[in-house]
Amino acid sequence: MPVFVTSGPIVAAIAEVLTRARRAASPGAVATYIPELAVADPEQLGVAVTSVLGHCYEAGDAAAEFTIQSISKPFVYALAIEELGLVEVRKHAGVEPSGQPFNAISFDDAGRPANPMINVGAITATSLIPAESAAERFKRIRDALSAFAGRPLELDERVYASEASTGDRNVALAGLARANGVLAGRVEDAVDPYFRQCALRVTADDLSVMAATLAGGGVNPVTGRRVVDADAARQTLSVMASCGMYDRSGDWILEVGLPAKSGVGGGIVAVSPGRFGIGVFSPPLDEVGNSALGVAVLKVVAHEFGLHLFNRPVTSISPVESIETGDDATVTLKLRGALDFVAAERIVHEAVAVLASRKPRMLALDLGSVTDADTSAVRLLSAVAEEAKERGITIVFADPLDVLGH
Amino acid sequence: MPVFVTSGPIVAAIAEVLTRARRAASPGAVATYIPELAVADPEQLGVAVTSVLGHCYEAGDAAAEFTIQSISKPFVYALAIEELGLVEVRKHAGVEPSGQPFNAISFDDAGRPANPMINVGAITATSLIPAESAAERFKRIRDALSAFAGRPLELDERVYASEASTGDRNVALAGLARANGVLAGRVEDAVDPYFRQCALRVTADDLSVMAATLAGGGVNPVTGRRVVDADAARQTLSVMASCGMYDRSGDWILEVGLPAKSGVGGGIVAVSPGRFGIGVFSPPLDEVGNSALGVAVLKVVAHEFGLHLFNRPVTSISPVESIETGDDATVTLKLRGALDFVAAERIVHEAVAVLASRKPRMLALDLGSVTDADTSAVRLLSAVAEEAKERGITIVFADPLDVLGH
Amino acid sequence: MPVFVTSGPIVAAIAEVLTRARRAASPGAVATYIPELAVADPEQLGVAVTSVLGHCYEAGDAAAEFTIQSISKPFVYALAIEELGLVEVRKHAGVEPSGQPFNAISFDDAGRPANPMINVGAITATSLIPAESAAERFKRIRDALSAFAGRPLELDERVYASEASTGDRNVALAGLARANGVLAGRVEDAVDPYFRQCALRVTADDLSVMAATLAGGGVNPVTGRRVVDADAARQTLSVMASCGMYDRSGDWILEVGLPAKSGVGGGIVAVSPGRFGIGVFSPPLDEVGNSALGVAVLKVVAHEFGLHLFNRPVTSISPVESIETGDDATVTLKLRGALDFVAAERIVHEAVAVLASRKPRMLALDLGSVTDADTSAVRLLSAVAEEAKERGITIVFADPLDVLGH
Amino acid sequence: MPVFVTSGPIVAAIAEVLTRARRAASPGAVATYIPELAVADPEQLGVAVTSVLGHCYEAGDAAAEFTIQSISKPFVYALAIEELGLVEVRKHAGVEPSGQPFNAISFDDAGRPANPMINVGAITATSLIPAESAAERFKRIRDALSAFAGRPLELDERVYASEASTGDRNVALAGLARANGVLAGRVEDAVDPYFRQCALRVTADDLSVMAATLAGGGVNPVTGRRVVDADAARQTLSVMASCGMYDRSGDWILEVGLPAKSGVGGGIVAVSPGRFGIGVFSPPLDEVGNSALGVAVLKVVAHEFGLHLFNRPVTSISPVESIETGDDATVTLKLRGALDFVAAERIVHEAVAVLASRKPRMLALDLGSVTDADTSAVRLLSAVAEEAKERGITIVFADPLDVLGH
């Protein structure tokens, strides 16, 4: 179970965000579409941040429980991809923003729900989770969402009962999906687990760990357990980015620039891929159904802390730590860090310049400080070797950790 | 004028992409909506990559000229933001994906075009460029696009004449925007420069430099000239990400994961923020009007080279290069690289651990290898200093480059 | 039970229409959406005409049975109006053409189905029929439709079973109507009677009597029994006129000009208000789901026999049969026929001219040949009497049948 | 020039309608979209009725002038049909209700405006009027509308100037129609005559005569001049019925049941086919842009006077005036009135009964009181003759007016 830091500089920084958000945003109103939501304390406000290294911070009412509601959608979608693969899942639900509200009747020309972030698409995604019964399906979903959170999540029976008794529209939407041939199985075997998944109780803390699990490519950074594979995580983030905020998705990418999902319970989850996850909680909602203060918190966070996806600074640390010419006309490039295509391009650029200018007899690439190398990097480094060989230059790889080998 | 590398390992890698894309994609058909486009050579295929460090690579027909068409849209939008600011520009055009084709009549409830990537929104963006006349407006646009490309772009008079004589629908769309009160000035003073901007001749090489300028926060990495400010660049990338591929935008984020824009001339531009820009060229189009092979090239590139936005590996190089305890109970954290919130969080995490476990008399933060620090990093480092002081520990910053100061 | 004439001039005339329609129309294809419909004989073609005086004619396969399907919709709507009144019924379903197919998800801003001729509106209308159970509701509907037809209609159990087992979409549509608060009662208590009403077996003969009942203001001209009141009949005809042919309603008013309704069983019903009803039957359907030959028959009928609603000739028989001046300066206007506003205007016009030109001492209005007078006529005739009195002229009504009195 | 009766029983009746309408309706607000309309006197209210026999009645401000605005649309559409035929006109504009406001961008799949009653369809209809220039086109339109009204209509120059200067949206709509290939000629040559036709000055009196011309099958009942042929008149009425009241067309057929068209100048025209035309005028408009009191007047008129299209009583005057058996076993049917299919069916029904029961040697049909017989009637009477002949019965037609001959 994750342990959250509740004091210190990071906490002070995010606590100050809460203060600023309270000043910036008009308060909104607590959801009332089911009575159980209406009793939420409108004054509650909390935020939690969990990094992909497993550092956890919280401020405000981050440990207060509420129901996850629509925030369950991306995680169940990730689970569906994990189980069936994206190709199969896309046969049942599209990935295009619909420009419509969460409860819209939105099907594409092929009869599929526009995307899995609107209700009808989310229910369809739930229907895809392999199970013999509605009960088993929900059990699998709860287990998966608990694995994302790093602790067992509990069902709020009263909220579930309330959703189930007022969910006529969702039942009808599921019926349409079934009539279109995209919902798997019976309507009730999809809708009941869906109502239950929405009624799972979470905290802002939980949301931050769930988000950090997506940020870290599917591995929960607190428990170390892989929940979904890296492709499923990335694909889920993509659909959150394009469809997560319904008919405000374009505005969200522009203003916040983090894949996110909100729920009428007052929660919002946001992900900074490869970096960390954020959970926010504040019950009063704005006119489109997002937590009003939650949105404000994320706008302040994105802006103040420079977290926007496209706010990516030019990497200043070169993967070439040093270039040294030895006595024996050997040039050694000492490399460092994780090597991807971009890093490899810099190495190649430097290596080619070295070959051209210093005309060494031997080129040594020292990978002792390299932590990882993806296939594109391996490929480019091999190409450098080829080039050196063609010039009659001996090439040597010092790779003690065997990063090129696996 | 940019100089492109045409051999070596990087070029070999991207040349191989062309071969794979040819095998993967069905060919498509050259656009014929204006006669001048129909004469394009369907066999042409080229790709160019320009990194934010100004390294330029090309393969295939990357130096072949064609008209920029809709790829002009994001760059003119960036120019409009640069001139008027995003707040003003958003009064005239929205930022939401419309789920509709490029020539749709798509206005939001406020009467604004849904976004500036569809024709009606792009014409509206053009109308916003401050100018006394249509001619001056086009001159400003050409100058800006030339600055993005790093060389003067020329008008294709025949294509322009053809567009102007067959552009009834675009004139009507502009009329609707004007009737809605969002188009600035007269219809003809917007439509004529728009037809001209679409008829500017570019190469895949040019597109890669233009894209790299957005990747680098508005600075052309070849010429070193700032073309738009960092906010305008990021905001433009955001709108490209959500709306750039029309009714395939969700699929594009999922499959490619790079902000992009295509044109019926056969070009596509794609941006890897903070890293590099890509230009692709192949005239035959698929059924939705994107270069068929161009799309294939970008899918292969994104997949093979791991360039998807959300494919961001956990950063393995710690900003804390070393932690050393001196004789005099002084602990020195040697820091490195560009410090943003994420890097600062890691530093704070380490520093707090050091303070707790080693209980030093003095804590030294050595910023000699730090290249930059944004406001969030400065703020967190200051907070660490506060915390140390409260514990009665002396804190020392070694900041020879004054990265904290500016 | 109605007896149909099967020979003679009228039958010859309508039989010839069948021949001409066969030549005019391409054949279409029998519906296959449920297997039971697919077994229909595509060669069958029949037409029947029943006048408001109860004259019944048929030609071709007019006695062949098929399921009524969507043709049940206007009759159940009439029943709903009869039971609840139009005001209440309109709270549950609109009356505007939706421009959409029969199975569209079409709700207006108030959440009501656009009209009761599309499936979702028809199911809603069915839900309104007061009953304690689904079985009772269906019994009431069957009784009413049998009264329209003048004979007991039977349920086709196999078609019903087939509809019920494949009706996912209709169940979902009903669910949406219920979620919108416009469907009365439970979904299953509306959908089951709806599936049953669609599976009632009828003939073209039946349809012509049902139509004649609407034509005659709600009185079955064969049995003499009033089925619905005149307002309900007229209101139903209005909705058939605007919405009966789905997204071809404008074309239908233009080309045929008779309120009508088709069903996928191959039947079409059409009404010439105040004159007669027509039933047509031919199983193969055109691309929008109407009986292909049935449409052709009605186009020929409307065109050849001048039945278009707006093809109303200027009435040549004056309601003033004669004007006679007696010895004693008495002028007698002998009136005839049914007097409505239009007839009364002509009488007033003549009477005023007589008063002005002949200056009689006494004006006598002889209503001995008048068969009826509506309130507007009574009012205008009273006004003439006032005017005569003011001029000092004695006015006398000879009204042996007391048409002015009731 | 038509002369209107301003006193007497009919006038009293319609004057009372004005009083009742004032009580029934909330007042609405005068149109302000162009300044010239805003100066209209909101207290004005007038109504005029012209029968197809040329009787003209008026009450209230029926002689007050205002601009015709959208009421010009059906009359220009009738002119287009008269000139080109319905088949050609339908290639340029559809006939389906769009369910949208008057200024909607509403095109069908073939790129045609949904119907000619919305602006874009009306401008397209105007473009079809054959002419060498915009000026000639307007002259032809003015001449035709003047012929409908029975007096020369004048252009309101100030209103025209105002429409022309604020008509951006209409220009854009015309541009879209042109881009779709359905607008004939240049945009300005359609839009300018359209602005002018909308600015023609009319009175409620004029509207009633114009409407009576459509009611009478295209013949102006006051001047006796044929303006359009009967088909064009009927076709125009059909499109008015389905599309004339925009997104309230279904409600209008239900509640009023007369083809009608309104204009923002405060006028409404309504037609009782074969009977009379109505013009109403009152400047304040309701929320959908129809004259608020005008709508109320027509609802009262339709309801009080039983004018709804489907309120057609069963014709009580039999076309068989008498049946007499002569000494010589000759049976004579004395016929009367205008014979259409319905009347002929009654004659045939009687004749067949006579042939069967009285078994005469000779059957005489006396057409001395018959005023007209359409082709269907001629055909059925011939069929009776055939039948008689087959039974060996001599048949004789007494047709002094040769109604069967022409």
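We just call them A, B, C and D in the order they show up, numbering each chain from 1.
FYI, a contact is a pair of C-beta atoms (placed from the backbone, for glycine too) under 8 Å apart; a residue touches a chain by one contact, two chains touch by 3 or more.
As the structure is a computational prediction, the values presented were derived from the model and not from experiment.
Undergrad: Looking at the contacts, which chains touch chain A and chain C alike?
TA: Touches both chain A and chain C: nothing.
Undergrad: With centres defined by CA atoms only, which chain is the most remote from chain D?
TA: Chain centre farthest from chain D's centre: A.
Undergrad: Hey, how far is the Cα centre of chain A from the one of chain B, in Å?
TA: About 22 Å, centre to centre.
Undergrad: I'd like to verify one number: the distance from the centre of chain A to the centre of chain D, where each centre is the average of its C-alpha atoms, in whole angstrom.
TA: Measuring from centre to centre gives 64 Å for this pair.
Undergrad: How many Å are there between the centre of chain B and the centre of chain D, using C-alpha atoms for each centre?
TA: That gives a centre separation of 61 Å.
Undergrad: All pairs of touching chains?
TA: A-B, A-C, B-D, C-D
Undergrad: Show which residues of chain D lie in contact with chain C when the two form their complex.
TA: 8-10, 12-13, 51-53, 55, 94-99, 114-115, 216-217, 233-235, 237-239, 241-243, 247-251, 253-254, 257, 259, 272-276, 304-317, 336-338, 340-342, 345-346, 348-349, 352, 371-372, 374-376, 379-380, 383-384, 386-387
Undergrad: For a test of understanding, state which residues of chain B touch chain D in their complex under the given definition.
TA: For this pair, the touching residues of chain B are 105, 168-169, 171-176, 178-179.
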